[in-house]
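In the two complexes that follow, chain A is the common piece, with chain B as its partner first and chain C second.
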Partner chain A sequence: MTEQAKPLCLSGKGVTKIYGFGDRRVAAVDHVDFEFRKGELISIVGESGSGKTTLVKMLLGLTSVTEGEVYFLGERRDISSRKKLRTYWQGIQAIFQDPFSSYNMFNKIDTVLLDCINMRGGRRLPREKKIEMMTEACSFVNLKFAELTNKYPFELSGGQMQRLMIARIFLLKPQILLADEPTSMIDACSRATILDMLLGLRDEIGMTIIFVTHDIGLAYYISDTVYIMEHGKIVESGSADDVILRPSAPYTRRLINDVPKIHEPWDFAARRPAAAEATN
Partner chain B sequence: MKTTFRQIFRQANFVIGFSIITLILLVITIYPLFNPGSPLQMIGQGTFFKPGTYVNIYDSLDTSKVYTLRLDDAAANRIGKKLLPADRETMRAWLIAFGLPEESVQIEYTDDLLQLWWNSYDENVRPQGMTSAARKAAARVDAKLAGLYNMESLTITQPDETTGEPAQKMTVSETDYVNVSDIANVRVLPLGTDNFGRDTLKELLAATATSLKIGLLAGCIATLVGLALGLFAGYVGGIVDDIIMFFANLFTVIPGFVLLILISYSIGQESRGATTVAVVIGFTSWVWTTRSVRAQVLSLRNRDHVNLSKLSGHSLIRILVTDILPYIASYVVMALILQICSGILSEAQLSMLGLGPKTTEVPTLGLMMFWGMQYTAHLNGAWWAYFPVIVMIALISFSLNLMNTGLDQVFNPQLRS
Partner chain C sequence: MAKIMLDVKELSTKYITRFREDVYAVDRVSFQVEEGKSLGIAGESGCGKSTLALSLMGYYFAPLHYISGSIIIDGKTITGMAPDDVRKSVLGTEIAYIPQAAMNALNPTQKIIRFIEDVIQAHDSNMSRKDIYDLARERFEILNLPADVLNKHAVELSGGMKQRTVIAISTILSPKVLIADEPSSALDVTSQKMVIKMIFDLMRGGFIKSMIFITHELPLLYNVTDDIAVMYAGQFVEKGGAEQTVFDPIHPYSRGLMRSIIVPEAGTREQKLEAIPGTPPNLKKPPSGCRFAERCKYAYAQCYVSDVAFTNVGDGRGYRCVHQMDRLKEVYGRD
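What follows is the complex of A and B.
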């Protein structure tokens, strides 16, 4: 297969995250193995509470990994110091689920974009150059920098905020983008725009996108590879066609059944757990 | 930001508290301009002078301008003052023996008593059942009254400058008055003097200023220390959190006030200035600020904007200052106000125990209470030495708490009605 030929960019072996201890011990992510390949769009699908966000935070190095190893660009990830973390974050970035809590509401929008330029080593660039870069990034996501400058994030709509997050990635140009349900808090109309922009950005700077979602239909529509997560475990993975057209895990089948289909009547009986069990 | 300020100043609670504090601050800054000099100067020889206007006797004799006022009540007041209870009893005994009904003779009302006396007394009448000693006593009182009614002037003499012989200088009549504004030395003591003979009002205002300074310094120290420790404990977590919380717990088990007493005691009376006391109070009261800041930070540190800030490579300090601090700033301001208030109260409590600042340097509200108590002002009826202090402490803590409630209502939408 051609996909096997692509080099690994992020992979993990037995990655585990345990919260709490004693009676309150929760294995949010439980011995997960994965291999994300360069240039692909990988979806991680699972219902809420299945540990997707926890996995993303571990991959970003925002929370510690309880057990297991993460490999970045084929090598064991070393984020033991602040300097190494900073270098790591030049290669891997994220967009979070809730645009409204992703911004520091006391900082102007310019600050968000300027931080990105600074992080890419553009601290000493002349002001005009910085403004030019910010304008370019904004126009990539169909926003006008001239209208946004000196505004605060809460003056924007949720869709605009999320687009600005994509503009941020445009400036940062990371190798890997972890998008944690970036469209779940956005109205359906803006959702398509944002997805288009993400895909456009992938083509523009050639990065790997790891797309986390609870929407298996959306995952099928956009991704090359799909990972299905249930209660902290990966129950199925493979190419989008394999996983979704020929699911093997019962959980995957349930997820597929849960997608409402416009042309079919809504079948309550089939969705009941007992009925789902019987069909297995 | 602007709207927040507008909201705050629309809160009745906050506005009332703020006005009281502003008024107090205005008074304590302006009053010393009109009444300069050290508030610790002992102007009175003796303890607890009543509130009032004090006029120099010599100056009042020496004034060029003398007014004659014929005031009946003035005469009655003067006689009333000089008629001793024993004299009144003697008068009563005579009047009753003379045959007046007992209930009509009431010795408290000087005017009525004198009226009865003038109408009834006759030295030649010998009421039944009176001993001659009692009759003689009555005659003596009558003579005294005649003396008190005498309107003749007093003559004041002074040694003559050349001969040294006593010479008449002036005469002073009962109806002579002077206007206090013509007299060189008039001293108004609206709240009298304290046990050291200090002007209580002046001392009170100076003490309020010092106590507010102590509160402010102690509050700032407690808030800064509490804020810094709370931020680090909450944000960094792990071992840093454990160590900080260990000390916070230590300070919780040993009550702060006991610690405060022990430290103040070991510093010693001589080296305890107002600043030292404020610093000690500040460093023993950071605990609850730390705890509450830490709790707030714990709920903030996993927010996405903090994560994003980390991903943008910001340093720990920068994240604390720009991504955490602004979110808890309103809370910290409220904590600061409460810490100022409790700093003032702590000083008062310490001083009442005799562990406050050195007495000879500055007056504080607590020290005024302490000395009032030491000299038993409450038993002497010298209310002016302690009551205004209590009112001032109550006023400050009332208005600070009111401001806090107002802020709370603005910043805590759940409390908004």
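What follows is the complex of A and C.
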């Protein structure tokens, strides 16, 4: 029962977000309860329109919570003022879907990384120490810091930008990392690297990672715990093996059934048996 | 021996940028698709999959230019035809193309039936509107699309329904070859499955004779097509049956791709993902030797020097590598 021993990192009770008012009220996230434990990699899986991005925005404090409470490290989250929000952001950081629009295009890469060191209170460190830290962060994500100085983010490829984003997280060392579809805009070949780095953050720093995706296969591969969302509600949650291999909710079953797989082909794609017979 | 529907020989095309630079996006691609069969094309973004799809239509417009090679659809050579002739007698009847964002192609002010009238009248202006309506209704019923869609506007349809409608419209003239360029990448998995099911219905009903299916999603490709070709930097690096290409790839690049497949099935968590380091070469100045050499684990001096030919090993299989197939298999076995 080691699972139970892990302390709670982020949790929520009855978290709700309602857009619009009057007759046009839409509950994007509808009374959602969750418990994210420290050092785990949690996936939130849902199709488009299931409310996963709204949930991420609420967790980050980028949008208000209509109803319900979010607890951060066991205490009620208080982000009522700008200052408190900034303190909260020291504990929670995010990687977004589109690496191309995640950077300030006027800042060089050294500036991006230096900002992170300054934010962690390293403003008065000697220059050599700062460079050493930046080099370490870059080597964690397989980038060479010496090649990156004096470059702008847009000179990098999508995969490199996303890795640089992870280098930022490595410097900032927040307790929680929210990764909102970090691999959906990069190629399958570079995807593996990003996933490995996220796992590295979890194992080496003990970071809690919340991985939001629409790809149930990816969620199964990477996560310890999986939450499945449908129309703003969490329909199923549990360990990755339980949810994916023994799904109980009809929605999860449909989702898994409809994803193209390589060991059991779709029912109507009946050419496979014929092809197998031909080769025998 | 089934009839060959699409026969492409050594097709090369290029882009000319506004700075007058040539980008060799498709380089000596050859393949054949038999009647009733489908070919899937896989590859990273920027490897030339979509350019190949555009090149196959034989309708070239700037910045895309034809260099050499031939495309023969059911015995009819379409390369070298005048653009107007291609428009009139090839597009729609011989070959149909569904682009990536097809569902955004529907004009929101027109009813669906208008698009179908447009397509049919461009090729056969004698047909009456009543006949067109009956034809469309019949086709929609076979494809399990509700017939009342015909009298709706595009905004009234959901994303998946729009995509299926576009496919139905573009295949209304029963083309011999359908080119589907990521037709389902913007859709949810359930809508994606319905789109694929409809493409299967089209194939079984004989409304399309063969298909080229392009996607970067390998599990999908494996489920949809009979053969798979892997493309890298404008060239085919491997071609073969879906089963063989996915489970027993020859080329180091395809092997890397197949190792990045993630599916929600038992055993996925134990699998070790492998990334291919580096980035694809710049196609303005393609490397002189093998285009994959820089990223290849098994490259040696010879790889950087001479151009590599495509070796056919029979049974529709082939690969583009300096190493012999047996040698590669032996090396893979040691990993």
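As a convention for this text, the second predicted complex is superposed on the first by the 258 of 280 C-alpha atoms of A that agree within 3 Å, B and C clash if a C-alpha of one lies under 4 Å from a C-alpha of the other, contacts with A are read in each partner's own complex, and residues count from 1 in each chain.
Operating definition for what follows: a residue touches a chain if its C-beta (ideal position, glycine included) is under 8 Å from a C-beta of that chain, and two chains touch if they have at least 3 such contacts.
Quick caveat: nothing in here was measured; it's all calculated off a predicted structure.
Look at A:L245: by the touch rule set out above, it reaches chain C but stays clear of chain B. Touch criterion met: A:L218 reaches chain C, while chain B stays clear of it. Between chain B and chain C, it is C that contacts the larger number of residues in chain A. When the two structures are aligned on the shared chain, A:L164 is found in touch with neither chain B nor chain C. In the superposition on chain A, contact of A:V65 is made with neither chain B nor chain C. In the superposition on chain A, A:N107 makes contact with chain B only, not with chain C.
When the shared chain is aligned, no partner comes close enough to touch A:L55: not chain B, not chain C.
Look at A:R86: by the touch rule set out above, it reaches chain B but stays clear of chain C. With both structures placed on the common chain, the touch criterion links A:C189 to chain C but leaves chain B unconnected.
Look at A:L143: by the touch rule set out above, it reaches neither chain B nor chain C. The touching residues of chain A, when paired with chain B in their complex, are 57, 60, 62, 82, 86, 89, 93-94, 96-98, 101-107, 115-116, 119. Listed in rising order, the residues of chain A touching chain C in the complex are 47-48, 157, 187-193, 195-196, 214-221, 240-241, 244-245, 254-256, 258-266, 268-269, 271, 275-276, 279.
Chain C meets chain A in the complex at residues 44-45, 188-190, 192-193, 196-197, 200, 216-220, 222-224, 226, 241-243, 246, 256-257, 260-266, 268-269, 271, 273-276, 279. Chain B makes touch with chain A in their complex at residues 303-305, 307-315, 322-323, 326-327.
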